[in-house]
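As written, the chains take the letters A, B, C and D, and residue 1 is the first residue of each chain.
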Amino acid sequence: MSQEETIAREEVEGWWSTSLTRIAPGEIELRGYPVQELIGAASFVDTIWLLLRGEFPAGRQSALLEAALTASVDHGPQAPSIAAARMAATCGVGLNNAVASGVNLLGDVHGGAGQQCMELLEALRARQEAGEDPAEAARAAVAEHRAAGRYVPGFGHRFHPRDPRRDPLLGLVAEAAEAGVVSGTHLALAQELERALAAGRERPVPMNIDGATAVVYCELGFPPELGRGLFVLSRSVGVLAHAWEERQGGARIKGPIPRRLLAGYTGPAARAVPRR
Amino acid sequence: MSQEETIAREEVEGWWSTSLTRIAPGEIELRGYPVQELIGAASFVDTIWLLLRGEFPAGRQSALLEAALTASVDHGPQAPSIAAARMAATCGVGLNNAVASGVNLLGDVHGGAGQQCMELLEALRARQEAGEDPAEAARAAVAEHRAAGRYVPGFGHRFHPRDPRRDPLLGLVAEAAEAGVVSGTHLALAQELERALAAGRERPVPMNIDGATAVVYCELGFPPELGRGLFVLSRSVGVLAHAWEERQGGARIKGPIPRRLLAGYTGPAARAVPRR
Amino acid sequence: MSQEETIAREEVEGWWSTSLTRIAPGEIELRGYPVQELIGAASFVDTIWLLLRGEFPAGRQSALLEAALTASVDHGPQAPSIAAARMAATCGVGLNNAVASGVNLLGDVHGGAGQQCMELLEALRARQEAGEDPAEAARAAVAEHRAAGRYVPGFGHRFHPRDPRRDPLLGLVAEAAEAGVVSGTHLALAQELERALAAGRERPVPMNIDGATAVVYCELGFPPELGRGLFVLSRSVGVLAHAWEERQGGARIKGPIPRRLLAGYTGPAARAVPRR
Amino acid sequence: MSQEETIAREEVEGWWSTSLTRIAPGEIELRGYPVQELIGAASFVDTIWLLLRGEFPAGRQSALLEAALTASVDHGPQAPSIAAARMAATCGVGLNNAVASGVNLLGDVHGGAGQQCMELLEALRARQEAGEDPAEAARAAVAEHRAAGRYVPGFGHRFHPRDPRRDPLLGLVAEAAEAGVVSGTHLALAQELERALAAGRERPVPMNIDGATAVVYCELGFPPELGRGLFVLSRSVGVLAHAWEERQGGARIKGPIPRRLLAGYTGPAARAVPRR
């Protein structure tokens, strides 16, 4: 390999090209806005929107996003993401590592229900736009999930008979729809799903936080995958706060249950190592 | 081990006790506030403060925190945290895993300078409270760092001669100090450090984003370790936005440099495996 | 909630029950084997097998697993998993955090091809057992992948015309099949896939490391998901070695390209922040 | 920025240079050894040594490394690293993400004691080489730790009165020292520490797994930081096996304690959100 050999500078710089942020000595622009003008002028939530979408939100859209981000910050230390971060905080790693350990658990099952609910709502919207009756489409979707033995993502909660975050979030969406800030289409479809799930049952299966935030994010035009991304930003707050609480407590190498309790053992009894 | 044996329920529940969030069927309270009342009423930044500190911020404190969180969201794809998240996004993991991979890199060197600057400012404040002259203390601190061959954390930037985020952040702190929202003590101490660093030099070593946000967080009463935590929350926004941009680009298994370029090799020449 | 209230100790202990390891004061048994008898008597690879499968491997099975684990340890610093770990090592986190950052990237695309190839081989085996001609089944599988615009996992390499790890691994499997250590079924099916992929093409699409290790792991009876798990154990070696090399180099906050090069920017030109 | 502008190819390739692995189309060499010759000829443990150290181990050194790697693979599901990985496995992330989540917790406190013990042993060796009496140096080190209220890393166990892994590991080191494979210096120093810790106490504070593996790794010439790295490789086996066991169990979003138990809450009582 010859040191004389050259390559186009653009090849390397293009490999890491981005439409997000332009950096030059003494200059930082986010989506074209000089950072020194953003500081103090743009809210944190507006800046989140700006980075993810490329433009600022229209006035009252921002308040809806703010409400959804606020609603999901925490659900207590029994959530595995939170518990993992708390345990990490007792193991001598940085708070950044503790937060990463928690966020890493917000996968298809723990944090992905919102994303899946958004995909379902988008699918229902496509069927509606194709002329299908929304109530009929919702009933069909519920039937399909039940036939496959799967939960309808975003509905029902293993702990809360009715998730206390549902009503205020849906109420804000309804207000925004009345004011013309959002269309209300996804809200209506989610309510069709709720009706279809409740039909013929004694106990309804109301929307949970994943479903309610899915409605917000769909109404605001976020793609489903960013539903998970926004949940990550929101829950990171709780993850950090719990890790910090644990750090202040000073425990070391804290396991899931108190030390004197032992994990039950279900494997083979003691035996001799075979000669190899 | 007998199945009949019982333990105090409190022992298990207390092991995971928290002062952050109370959960009961149908109820979620954050620091005592019912979540349904927070949604729509509390801003995201206020909720961050509430979870980390236990109470809401006093009026204009919140604006300072908002400015600092906004200022740090991104610094382009060459930051290793961002690059790692972008590469992760091309490897078939969830956005949560991509964000975690990026956040995991915000350690003592990449994200920890803010925390270290806060520790330094707190140390100077203690010396000032003990009667020492702040300018003298700052000069001594600079001399100590130089003697040890260490950077003064929060000052100077390898890329920006003057970090464009410095002036607007310090300006907001100065305004808040004038209005009595914060004391201005840490701002003054940081400026003493800046003066001590510039003394006898042609090129000053101005505060960078780590230093400017350290001033904000110290003035607002956050402990140093939370300086890193707040940076994690802020930079998570850029990490997510970059991972999402890469996901949309559709690249697969994207390495640091274009594929046809090869890493230089500096190890031994080809050799035969010895018989063992 | 009364502190007097008690719960069955078994409920808590059972929640964390395991068949892997029994711990008591002064005692550690892995799958029933006292650890003090394993040390010095069991090889590391045998212990990996023991923990994952519950029993020790039969004699020469172990050598096949050893070969596959050895084959995958590294593929240079341009692999995103390795690059992420190297960058992490320059950011002031522990080697454990650097390794985790790298391993976290071994997802469906970067590390999952082996798992997917194992799933394909198992599907072909099921069709063969159901009476289908293996060559016919392989051709159908290739056609299905091509029709869907998908790669056949485990075949072809974007860099190596012929992966140098293919022949020695398949050679060892063929030897083991002749000796009756394994059945050779999956080897034969993978070769059918290779033939089907080459048919009518000038350049064949030979098995790559993911395909060759998939054959080994299938022949040894590992379920597909553990194919990814074993790759994680193997590649962790390279991840650690690269992170360590970078640590020794002493770079700080190393990004993907040298500092003076800038990421290309494709977003909007500079603009003023709108009044909100 | 002009697309015509070129840079030296070496600048980019050198940025990612490595002494570990050379890659060219159809060629992979690890430390100069063609991978096709390593497969089947080099053991997994020898390959670990090769990548980390640059050369193969001398004959019986390898057996000592193998014993230490085997000894540390698991210590049950109550270790936070293992618990975090098990919880991750129930959250819908890949096994690679589950392993990364566990490994990420092996920090200064949970996995770092071995590294710290190696640093202490190296410090004692330096004092011995400088002419100090080893027993005296060990007593001084113990006194320093006690005065600072710190544990001597690598000694004592909160669960095992005597760690069952201590004797077999130290026995193998003693044998290797007699055979001239290692010097025995660090073993002797660690035993001095053990004596100094036991002096005047009813209950001794014997070496634990961190201490015993620290002796092995020091005797084999590994630097302290790689002590943590080797522990990561070893414990990754248990982390993977536990994550896999949990995956097979099929639990979803498994928290640290059974669902019906609630975390104890110690924060403020319910209160109204203040008007802002």
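Here is the rule we use: a residue touches a chain if its C-beta (ideal position, glycine included) is under 8 Å from a C-beta of that chain, and two chains touch if they have at least 3 such contacts.
Treat the numbers as computed from the prediction; the structure is a model and nothing was measured.
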item: Remotest chain, chain D as reference, centres from CA atoms; value: A
item: Chain B on chain C, rotation in degrees - Cα superposition, rounded to nearest 5; value: 180
item: Intercentroid distance (Cα basis), chain D paired with chain A, Å; value: 33
item: Chain B and chain D: spacing of chain centres that average the CA atoms, whole Å; value: 28
item: Multi-partner residues of chain A (at least 2 other chains); value: 1, 7, 9-10, 12-13, 15-16, 18-23, 34, 37-38, 42-43, 76-78, 83, 93-94, 96-97, 100-101, 104-108, 111-112, 159, 256-257, 261-264
item: Touching residues (chain side chain C, partner chain A) in the complex; value: 9-10, 12-24, 29, 31-34, 37-38, 41-43, 46, 54, 56, 59, 93-94, 96-97, 104, 256-257, 261-274, 276
item: List of chain C residues in touch with chain B within their complex; value: 1, 3-10, 12-13, 76-81, 83-84, 87-88, 90-93, 97, 100-101, 104-112, 158-159, 252-257, 259, 262-263
item: Contact footprint of chain A on chain B as seen in their complex; value: 1, 7, 11-12, 15-16, 18-23, 25-28, 30, 34-40, 42-45, 47-48, 51-52, 63, 66-67, 69-71, 73-78, 83, 94-97, 99-101, 103-108, 111-112, 159-162, 164-165, 167-169, 171-172, 225-226, 228-229, 232-234, 236-238, 240-245, 247, 257-258, 261-262, 264
